[in-house]
Amino acid sequence: MNKSVSQTKDIDWWFGMALSLLMGVAALLLLLIIVFLTNEAWPVLQGGSWAQFFNADGWYPLENKLGLLPMLWATLAVSFGALILALPLGLGSAIFIEYYAPKFIGKPFSSVVTLLAGIPSVVFGLWGLTKLVPLINNIHPPGASLLAAVLVLALMILPTITLTSRSALSSLPSHLLQNSAALALSKKSMIIGVLIPSALRGIIGGVLLALVRAVGETMAVLMVAGNVVQTPTGLFDPVRVLTANIALEMAYATDNHRAALFASGLLLMILVFCVAWIASRLSSGETNGYD
Amino acid sequence: MRLFSLFVKVTTAIGGSVGVATFLVMLSGATTFHATTLHAKENTRLVLTGSSTVAPLALEMAKRFEKSHPGVRIDVQTGGSSRGVADARAGRADIGMASRSLKQSESDLFSYTIALDGITIILNKDNPVKTLSNDQIRNIYTGNIKNWNQVGGRDTRITVVNKAEGRSTLELFLHHLALKNSDIKASVVIGDNQQGIKTVSGNPGAIGYVSVGAAEFEADYGTPIKLLPMGGVDATVETIKHRRFPLSRPLNFITKQKPHGMIEKFILFAQSTVVNDLIEEQYFVSLAVPLK
Amino acid sequence: MIDRCFTFIIWLTAGIVFLAFGWLISEVVVQGVGKLSWSFLTDEPARSGREGGIYPIIVSTLLILGTALVIVIPLGLGSAIWLAEFTKKSSKRVQSTRLILDVLAGVPSIVFGLFGYAFFCGFLDLGFSILSGGLTLACMMLPILIRTTEAGLTAVPNDWRRAGAALGVSRTTLLWQVLLPYASPAITAGLLLSIGRATAETAALIFTSGYVDRMPESLNDSGRALAVHIYDLSMNVVGGDKAAYGSALVLIIMVVIINLSANALSEFWLEKKINRLQ
């Protein structure tokens, strides 16, 4: 008995070591990216010259005006707009698949949603540019606008929310269901009162992934948002987001212009950092429900 | 059962380390392998990088060249004119591709024109406006004219389509109208030609400027756009070829040194009449004159 | 009454989602189906992709994806297991690791592309190659896979771990026999999400695996991915729309096949393990 316990410990130790080594490789890779970005952006960051990102008058890199603020607002507006639209639809679809759909509908429905996660952003963009934008243009020109970007992005991040929420719901222990059934809760109260709170951690994780994908999406937004650098004041305003700015100009940029584009990459990461931090605060405040 | 779980334990325990090992081996193996292949084929592999306008054309030229020169590999990568120039200078590419002339600061490099491209104003086909003077275009792009009825069209708001910063098309257009980019009040900013054509074809009030060849092709195949003359000269392949059209730009191959060997052969090949059909297929204008 | 309303709303959302995607997919199918044929799948592209097929591009795409998966699966699963099972949830180090991962999941793909270009193509001297592309994609997929797998493992009830410990089963065995099978739907979902993101990736691959549409001879050759091909056809090649939709349709079919087989595998594993357990 003693021997087998020590053997068990031994294997665990080796296994744990191997795993932490893997984590180390992963963390190293990731660290490299941050170092690389900072290094490339250094020319416009040193000596406090980063302040120009926030007080410069517009974005005209060839005339040395490097204001990022309007694009930051645009990024936030587009991402949160998409999230507000995609969250109820995505979570609703997850609940539909798990608890409402008959098996012959639920299965194909969930494969359709998974499939959507794999459609290239170019295809979303192409569809948006040739179908959605002309449609919006009929209501209010120019069509390429904040609204178009929000709609296309909402579709793109929806599968992420649905899939992660669904897997969070489906890995809930079955006694939760049985207990609430025993309490004679209605299906709605059971889902809203018990199951969703219990799966909240997983759902928040998914929402976070989706938000982060919305912030980082490039090609589709570039194709439909209009790309005019301005602070958005209405749904029909054309806007340029930070990622589209990088994609549009990186291949043509040199010197400070190029460094400023890398700096906007860093700015995106800071943005994501804030989102992630808030989310980790939120989820650590919640109990697991069954812990 | 016991045997199985032992087996599982062993596999999982080593599984992790194998993962790391594979990763490292792949990295190191690939690096050395790459170095040796490069060395062995040094004289037969050419790398071209640069302008996304030139890249599809260069790729087709490369394929034809490879057919007549067995053992030669030509890799074409895209990424923008400035990158083409930078890569050629740094030696990362044997030939850089640029859809503009060399700037003053780049005069130490060698450039070879392989084709011409023109830029013209396009409107949606439903727009009744037939022609615009340079002044009118300037006023539209600076936001002084906001409605088509001010230039003889319908009562529709004008959607101004502009190109993103750094594009050589934009520089040429601004130069022609004597404007700065910060003067322009755009409603939509686009990246590539096709995005411009799609934007204008989907919006009856839009005005944009794109490559003449691309616009001609799309208009011929039923896309609802039309080309406007610039400065009274019709935008056609013919007027560009005879250098009568005011807005044209060269498509260039850039090298760091005077080309020799396979690089020279390929540049001469790209400038010869052998590739005229490829140039026409991309809707550019070839300069090579057929031998009589 | 409220209950009925709720049911109605759930069905309505599902309906909206289904319709929106139906519109999008039918668009791709209608525009692309004319291009689809056996020779489209087995020919080399001609005239900048407007004619001919996409055979070398499919091969390159699969090679890039394969390379990325070979690297990301052991790294990602290993890291996730370590995070979920071998560390204290509340420790500072773990929480900061998790935060780093979330931030990295949010790095725009174009930035990954530039990083890959500078690091894999330049610093490691891999050049424009399928290997560089695969490694760059692996970096992109890693945080997604780690976080979803970790979430799946964390959701396994602690009772099972306690029961395992009480029975003197090693953590390794418990992990393999109980926890991983239990979490396998979540792991599969995460894997499919990251595969989806990888096959759909354009920006990062233009800079790393490149633009060459020839048949790759080895992992060191540059190879054009399907998403890059679609982008080039729709944005850069005059008259390339039909071929772009055709390629998009092929890509979608590819994703369907990958999804179906991954789901089948995970269900097979789950049932086998859980059945033996009960």
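Letters A, B and C mark the chains in the order given here, with residues in each chain numbered from 1 onward.
Note that a residue touches a chain if its C-beta (ideal position, glycine included) is under 8 Å from a C-beta of that chain, and two chains touch if they have at least 3 such contacts.
Everything numeric here is computed off the predicted structure, so don't read it as measured data.
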Topology of the chain contact graph, where touching chains are joined (line, ring, star, complete, other): complete
Pair of chains joined by more contacts [C-beta pairs], A-C or B-C: A-C
Whole-Å gap separating subunit B and subunit C, where each centre is the average of the chain's CA atoms: 30
Distance from the mean Cα position of subunit C to that of subunit A, given in whole angstrom: 15
Interface hub residues of subunit A, defined as touching at least two other chains: 11, 15, 18-19, 22, 25, 223, 247, 250
Residue numbers of subunit B (touch at least two other chains): 9, 12-13, 15-16, 19-20, 23, 52, 79, 191, 195
Sites on subunit C at which at least two other chains make contact: 74-75, 78, 170, 172, 234-235
Of all residues in subunit A, those that touch subunit C in their complex: 4-5, 8-9, 11-12, 15-16, 18-20, 22-23, 25-27, 29-30, 32-33, 36-37, 40, 88-90, 92-93, 95-96, 100-101, 109, 111-124, 126-127, 131, 155, 158-160, 162-164, 166-168, 170-173, 186-188, 191-192, 199, 201-202, 205, 208-209, 212-213, 215-219, 223, 242-243, 246-247, 250, 262, 265, 268-269, 271-273, 275-277, 279-280, 290-291
Subunit C residues within the subunit A interface of the complex: 2-3, 6-7, 9-14, 16-18, 20-21, 24, 27-28, 74-76, 78-79, 81-83, 86, 95, 97-112, 114-115, 118-119, 139, 142-144, 146-148, 151-152, 154-158, 168-172, 182-183, 185-186, 189-190, 192-193, 195-197, 199-203, 226-227, 230-231, 234-235, 244-245, 248, 251-252, 255-256, 258-260, 263
Subunit B contact footprint on subunit A (complex, rising order): 11, 14-15, 18-19, 21-22, 25, 58, 60-63, 65, 129-130, 133-134, 137, 141-144, 222-223, 226-229, 238, 240, 247-254, 257
Subunit C contact footprint on subunit B (complex, rising order): 5, 8-9, 12-13, 15-16, 18-20, 22-23, 26-27, 30-31, 33-35, 37-38, 47, 52-53, 55-57, 59-60, 63, 75-79, 191-195, 213-214, 217-218, 221, 281-283
In the complex, subunit C residues that touch subunit B: 47-48, 70-71, 73-75, 78, 124-129, 131, 170, 172-173, 175-177, 206-207, 210-214, 218-220, 222, 232, 234-240
